[in-house]
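Look at the two complexes coming up: chain A is in both, with chain B in one and chain C in the other.
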Partner chain A sequence: MTISTGIRVAALDDVAEGEGIAISKAITGTADNIAILRDEDGSVWALDDTCTHETASLADGWVEDGHVECPLHSSKFCLKSGEVQGLPATKNTCPHRVELRDSDIWLFPNETP
Partner chain B sequence: MTSTKEPIAGRGTCPGEACGNVPSGRATPAPGGALRRPAELQRNIDVSGLVDEKGGLLDRAVFTDEQLYRQELRRVFAPSWLFLAHADQFHKPGDFFTTHMGEDPVIVTMTKNREIKAYLNSCRHRGARVCRADFGQTRNFTCTYHGWAYDLDGALVSVPNEGGYPESFRRDDWGLVEVPHVESYHGLIFGTWNPDPVSLRESLGDMAWYLDAMLDHDPEGTVAFGGVHKWVLEGNWKLAAEQFATDWYHVNMSHASALMVLSPTGRGPKDEIIHREGRQYVDPNGHGAGFPVHPKNRFDADTVHEWMDYAALRSRLGDARVEGPLTTGHATVFPNFSYLPVNGSIRVWHPKGPNRMEVWAWTIVDRSMPEEVREAQRLYNLRTFGPSGIFEQDDGENWSECQAIAHGFITNGVALNYQMGLGSEREDGRYPGTTSELYSDAAGRSFYARWRTLMNTPAWHEEQP
Partner chain C sequence: MDSPRRIVIVGGGIAGVSTAAALRAGGFLDDITLVDAGEFPYDRPPLSKEYLAGTYEIEKLALQPASWYDDHRIRLVNRTEVTAIRSGEAAVELADGSRLAADRVVLATGGHAARPLIAGVGDALDSLVHVLRTAADADRLRKALVPGARLMIVGGGLIGAEVASTALELGCEVTLVDPASPPLAHAVGTPVACWLHELHAERGVTVLRSGVESISAAVGGMQALLSGEKEPRYFDAVLLAVGMVPSTGLAEAAGLEIDRGIVVDEGQTTSTSAVLAVGDTARRRVGGVLQPRAEHWEAAQHDGARAAATILDLPAPETSASWFWTDRHGLHVEAVGRIADAVETVTRGRIGDPAFSVFGLAGGRVVGAVAVNEPNAARAARRLIDRRLPVETSRLADAGTDLRRLLRG
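The block that comes next holds the complex of A and B.
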């Protein structure tokens, strides 16, 4: 686990509750793009963007009740831990730490939340 | 979305012989390989002898015969403009509505480019529907059988275990089959499988003038208010479509009890309500519209009547429309879209075999109407022409009655009478196109003449590649 410096990736208002945005790996320096996901309670989380089942962007998925549902085949992942919670995916995805500063979202790639 | 007469989706292309007879959009060359459908599966019947519009006679086999019904799906529904949805049902990309074109299930959706497109709702893999919901919001259409997933443009974007397919497999070949033409008229969205149709506007002809009496009260147009009511009726779809095109005649008899209930005195309607004068529009493409004509014609629901600015309507639509098709009346856009302007009811008669139809009905109101006026119109429509409406019940009972006995051998061979108003068709100088009397079968004769023409004309999909 490498400790990275934080990156300001978006304003909080850029991400609607229940939705997500994808941050390019060119910005995050990670192997995969990172999905910034905002739960319906307003909390913000980050996971590797590509579903572990097939190629799909979790940032396009549905975010609710502490999980994100893949828009293609409905696999579910825990927002906090990246743990897979529903088939057809069987592998966990990787979580990343985010922090809210004022009204901005800061991402710390590869740091455990 | 503002109302538009322009096409709202690009023209689909059919690249080369690979597309065979299947309508296809950009994403769907529809590989058929060695498949060749034998002609015996699609035998056609010459229906010339089943419709005698000059004599005003109709053979009842048009309502009962299974083979004729299959031919209708191929030659009447497939090439015609069919109503899909109201534009107000789509506000954001991913908004979708599922319906039918004939018996074909289709998805209507707004793409990321905010175009309205329609696709056959059937996975290209094993054929299950890729969208099971009535309406909603989505990012993709994913088949719940094996997981093939399609984006809002119909492109196949995910195939689980794709590595298991041969190298020749290309996702581009297996997108959803796209309805090649989708166009709207004043908020009403229609589609056709015909790869080379006349425009929707052209197919409406003078019918557009009558439609505008409902759709064009002011520049803001209409919205769909409330949900879509759906119910099943025993009866051939043409019984309903024909009646809405041509039949004011049944009103005083069939709806006697409803008219009694609605009369303010409780002793029944005034004589001038019972003995009405009016006109019936007879369209060469099979559309029809009938309406009483009177200077004091009005909307029935009091709240709606009080809100309407009849002087402004006269200025915008002209006296002839305000005194005619603006309010009480009936109409059908061939083949299976009908409406009632007085209560904003628009509906499709979905065919479900020769003996059954599904009615799908919306209430449309002027966008400019305040909430309480919209609600008054919705409730009035529900009470009169909703699934349990006091008028709708009468109509459904008649159609089911006619259908229930029509399979009898002797019964089926006894011709039906469509002779009212024979020879009355003319141009009256006030109402556009050819019109007949309010009490007339003229639009019905024209409806069945159009039906016969299409039934006897090979459609594009019958051309040999």
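The block that comes next holds the complex of A and C.
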């Protein structure tokens, strides 16, 4: 595991509860863009942004109850582990570690949450 | 009845695979055998879209990777057909005469494409006449969809509309014939259905509101005589997309109750307690009332979850408003619930100017919705329906209202 440096990617207020934003791979240096997803309880998570089924951005998905639901065909992924929990996707997506510092969201690409 | 130890699932579509997955998720530890006529269970929605267009290979359509069956100890018997149910002997019979022991049989046999009542259309299809139900059907149709080919599609429902869109992308000259105006009105409401149907013409499809009197071979192609026309029209290929007929042969031979589908109770059990049915082939009787067949992808998953709960003697899974999607002409359309039950509708945005959504209400609650390029409106609508939350029409109509806020009250 490569330990990466944290990146400040957004202010907490930039991401509404139940929603997400996509951070470009040009910024994260990862293979895929990264979705910063905020659960309804206010907690913040990060997953590879592209659904493992078809080309859709999980940042545009519905975030609720520890999961994000893909906006195209409603495959569900666990916010914490990236584990797929509903067809049609069959592959897990990759989680990344995030940290809240004051009112900012810091992303640690490729680090396990 | 004793706890079942050997389950045989007949059919590897989304309903059959979902049943197997739900049995394991529910803690079933004994034998699960999934018998499928094909090479491996695959997903059907892309057959009219990416797979037909040639963008996806068949491997991409696998419902689960090969390792999944091993990991979940599901024995996949492929390229095999079940020919009879012997529920008295707790077995099913295979095409080669061998038997599989089965304490419970789950019929997930799906259906086949319906043949319209058109002179010249029989069960055996002319080489230029197509249906679309399987990957083999899609392979055959794709060969016909060469640039410039004249394709007539009979039926403007989901399959017909999606193939029209795909064929147009492939450079075909598409004619879409349907006597109903507009198709899908029941599922998405008349205004949205009209707009969706008109889109075909806008994108370059010739749309004819008509019946078809006859189809027959002509020099180098097919000719079709439409209702009220004197001269036939000429095509290079014809797609019949007029719905499906459930495959009930096995159930009929076993003496199960059939009524345009295998009749099942709320828990998916047929008229014989050791046999269940799920997916497109099944028709549920809920509260004494026989429901229409759902014929949608997610409904088949729910059937599988219910069947597994019945077999495992677990409480029935929670129900949710129905949901389906259709992709055509670059648009993603989703419908939830039953907009046909609405007494008033509220439009967010403007019909014809995506993204937009239409919510149907009755008694101060959302009963159905359709969303175009606005997935989270469909997801919000579904939760509003499931949670039976009262909504204020004015707040719903205000495009500035965050739909998630309506869920929070």
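Going forward, the second predicted complex is superposed on the first by the 113 of 113 C-alpha atoms of A that agree within 3 Å, B and C clash if a C-alpha of one lies under 4 Å from a C-alpha of the other, contacts with A are read in each partner's own complex, and residues count from 1 in each chain.
We take it that contacts are C-beta pairs under 8 Å (C-beta built on N, C-alpha and C of every residue); 3 or more make two chains touch, one makes a residue touch a chain.
A quick note: this is a predicted structure, and the numbers were derived from the prediction, not measured.
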Combined model on chain A: chain C and chain B, fit or clash: clash
Partner chain in contact with A:G18 - chain B first, chain C second, else both or neither: second
Touched partner set for A:S103, first chain B, second chain C, both or neither: neither
Touch count on chain A, higher of chain B and chain C: C
First, second, both or neither for A:P88, with chain B first and chain C second: both
Partner chain in contact with A:T55 - chain B first, chain C second, else both or neither: first
Chain B versus chain C as contact partner of A:S74, first or second or both or neither: both
Among 45-53, 99-107 or 243-251 on chain B, the segment whose C-alpha atoms clash with chain C after superposition: 99-107
Contact residues of chain A, present in both the chain B and the chain C interface: 54, 60-61, 71-74, 88
Residues on chain A engaged by chain B in the complex (per definition of touch): 53-56, 60-61, 71-74, 88
For the chain C and chain A complex, residues of the former touching the latter: 14, 18, 43, 45, 50, 62-65, 68, 298, 301, 323, 325, 332, 375-376, 379-380, 402, 404
Complex contact set, residues of chain B against chain A: 139-140, 142, 147, 149, 157-158, 160
Complex contact set, residues of chain A against chain C: 16-19, 54, 60-62, 69, 71-74, 87-88, 90-91
